[in-house]
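Lettered A, B and C in written order, each chain numbered from 1.
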Amino acid sequence: MGEILLQLNNISVVYSDVIQVLKGVSLSVEKNHIVSLLGSNGAGKTTTLKAISGLLKPENGEVTEGTILYNGVNIQNQAPEFITRQGIIQVLEGRQPFKYLTIEENLRVGTATRFGKPYKQDLELVYNYFPALVQRRKSLAGYCSGGELQMLVIGRALMAHPQLLLLDEPSLGLAPLVVQEIFRIIKKINEEQEATIILVEQNARMALQVAHYGYVMENGKIMMEATAKELSDNPDIKEFYLGMAASGIAKSYKDVKSYRRRKRWL
Amino acid sequence: MRKFSFHPCGNYHENYAQELNIFETDFGRVCLGIFLTLLFFVAPFVVSPYMLYILNTIGIAAIAAIGLNILIGYTGQISLGHGAFFGVGAYAAAIMATRLGVGFYIAIPVAGIITALVGMIIGIPSGRLKGLYLTIATLAGQFIIEYVLIQWDSLTKGTMGITLPAPQIMNWQISGDKAFFFLIFVSLVLMTWFAVNIMRSKYGRAFIAIRDNDRAAEGMGIPIFKYKLLSFGISSFYAGFAGALWAYYMVSITTEPFNLGLSVEYIAMVIIGGMGNIPGAIFGATFITLLNEFLRFLTGVLMNVGAITSLGLNMAPLKEFVFGLVIVLFILIEPKGLAEIWRIIRSSFRLWPFSY
Amino acid sequence: MEFFLQLLVNGVCVGLLYGISAMGFVMIFKSSSVLNFAHGELLALGAFFFLSLVTWAKLPIIVAFILTLIGCFILGFLIERFFLRPLIGEKLIFVIMLTVGLAAMFKGFILLIWGGNLYTYPEFLPEAMGLKFGSIYIAPVYSATLIISVIFLVLFGLFFKKSAQGIYMRSVADNQKAALSLGVHVRRVFALSWAIAALVASMSGIVLGIINGVNVHDLSSIGLKVFPVVILGGLDSIGGAIIGGIIIGVLETFTGGYLSPSLRDVVPYIVLVFILMVKPYGLFGLVEIERV
């Protein structure tokens, strides 16, 4: 087992003092690994990421119990300005570009945590990863396509030299080929930039292909954790997330009795 | 013999009628009765004429503030034009009284209705605009009305002003602070009663729905433009009514007082009293009027102390400063206003000694 | 014809003044969506600081000017820190009324210290700056205004387009959550926008003071004139503020010249209502880019 970068110990998250979303989530992330978080909608994956990155506060949420240790520093309920300066950058769900800024200006916002440092080299780096962005660098982000925007927001996060990158559904609403491209780059970033990545995904197959380790969440709890290899071999995961019957043959959708059987994990 | 009810230790309502009750207990009803008795049968006969003058000013301001609270606190539409609406009411009453010679009992309500129409015209942009854009539109309304009041010489006599005859009913002339006290406070009680009840009706609920989320309200089948206009109408009716009373009380009026400062003062009353709270509007009106009087008094005292006359003269702007400071402090410290403070005091008495 | 041209030139000059007065207002709205009713008082504060430094402290013009700008920068910063920050996320009416309250406080403060008299600055602009085209004359202050407003437009353009801080400010205005996720110090951006706005306001206050004399009532009423200007130009466009200012200025002088002087002051508001009814986001406001 390698060095542990981030550790969540039994955290609970409550929104507006009443709505409990996370009910004791523990997970640990090894350095330079890709860890993927799987789970249905509303399982609390995004909330987990926000608890780490400090973005709960603007939404009136709070970590009420447990601790979040990053490099040995306690970071729960810290301001996002502080957390991002520790090297944790979240890429928000649904690609949130700055619509009225050009691609290049968008990328420059990524340097906010390193204000005043040179950034030209980083721009080159991002354009190397995402050559598609080069020709659109002067156009407004609001008018770019979904794939370009996804590349843009990942690139924008890269500008901050993240140690820990939190990716929230990078494949949302993208064509299969684009998804493959994005995941290839994610893998590459992980290897070349030595960035640890937590990946929240609905596309479990792609996620498990690139990840080293995986957690399955449901109803604000971790239901299962294993290496990516073990998870993709697990018959339940196969059935519910990869759409295969235990035998490995794609199953007709109507045969999946998903909800009732999923409860078995409880 | 009806049973006297006490405060239940929880919400035990069994039907909507109970939920809509104004008074939860008979104790509240009795208290209000005692208060009104004191107000009408004792207050005017014991207090000094100066105090009576202040009370009357408060009463007039309270009527306008209640109206504005219907618009801001309940319907969520901000109007910066209420000072001008107040002026429209005053001028409408004055013109009717001098040109047409109608009695005050007609002139005052009709002035209210005319103002309501003017208010609805100013409220038309609310069909398209929301939030700060609407605020700016009503600001424009304020300036345009002010301009019309000054420039429409043939009707308003411009900067000369109009002098009103004393209101007369049969052969009985209403003049002097005491007589006006009854006119103003009977109106205030009636207007409060009307406002409290309209808020319990379908209209009130529609206003609140529009305030909380106008799109959702529209989705529920509330014609929001119609209701927004209605709210503007009711609210400016109150302002116009108060303006008309004021015109009679002051005897002579000019265009000067009906400026943006007056609009701001009314909004301050609503905020300091407590938004979306009708007694709150009365508290707010009381507070601001007393503050104004106190500051005027202070300035007067400082001016009369011979040695520091020059300093006293310089103290006049203190009023402006303190007024701003009070608004800022209320917003920062108790944005729910005096009504909330009053509620806390009351409930801490009620729950004493186990106040948690 | 000559009358027409002179009116036109006067209108453009007055309009430029409105435009630069509105720039600070737009800055605040652009970054934090606060409608600042105390803008006129900020103009006045700047003008009076400068007045005190020049006439009472007898400082050289340049030193006084720079000190005023620095003072107002700090003032704007403090205003945001102590009055507006607690209200982030509060209802619109509270924010509006807070600035109204601040306006009353500032006005009272100015009246307490300087009184309501009309002051004038000593002459310091060289007469040579006045321009003459045929029979049309542009006074030195107006050409100075023209130069200042162009300089500021260029400076702001560069600041927002090129400098990192400017880009952060635009990013906050654009998508606050995404800006937070990238570590942009949003509260610092708000504070900075108030500080810069107060700085610009003080500068326009000084220019207005040179032209019309320094009087608190006049200056604070300019603060209200800003509303038609920015609505016309679009609440979030600094260039639009200048153009809106020029349109309003020209409109005013023409109404004053051809129709009636009393209509002059109310015409901007009549135009304002019409524009709001037809184009609620103004002539140059950002067209909403909506993706579903």
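General remarks:
Just so it is clear, contacts are C-beta pairs under 8 Å (C-beta built on N, C-alpha and C of every residue); 3 or more make two chains touch, one makes a residue touch a chain.
Since the model is a prediction, treat every value here as computed from it, not as a measurement.
The interface carrying the most C-beta pairs in contact is the one between chains B-C.
Comparing per-chain C-alpha centres with the mean over every protein C-alpha atom, the closest match is chain C.
In this assembly, the chain whose C-alpha centre lies farthest from chain B is A. Averaging Cα coordinates per chain places chain A and chain C 44 Å apart. Averaging C-alpha coordinates per chain places the centre of chain A 55 Å away from that of chain B. Averaging C-alpha coordinates per chain places the centre of chain B 34 Å away from that of chain C.
Contact residues on chain C toward chain B in their complex (touch as defined above): 35, 83, 86-87, 90, 92-94, 96-98, 100-112, 115-116, 224, 227-228, 231, 262-263, 265-266, 269-270, 272-273, 276-277, 280. By the touch rule above, chain C contacts chain A in their complex via residues 164-165, 167-168, 170-171, 174-186, 286, 289, 291.
Of all the residues in chain B, the ones that touch chain C in their complex are 72, 78, 125, 128-129, 131-133, 135-137, 139-141, 143-144, 146-147, 150-151, 260, 264, 267-268, 271, 275, 314-328, 331-332, 335.
In the complex of the two chains, the chain A residues touching chain C come out as 53, 55, 58, 80-81, 84-85, 89-92, 96-101, 105-106, 108-113, 115-116, 140, 142-143, 153, 156-157, 160.
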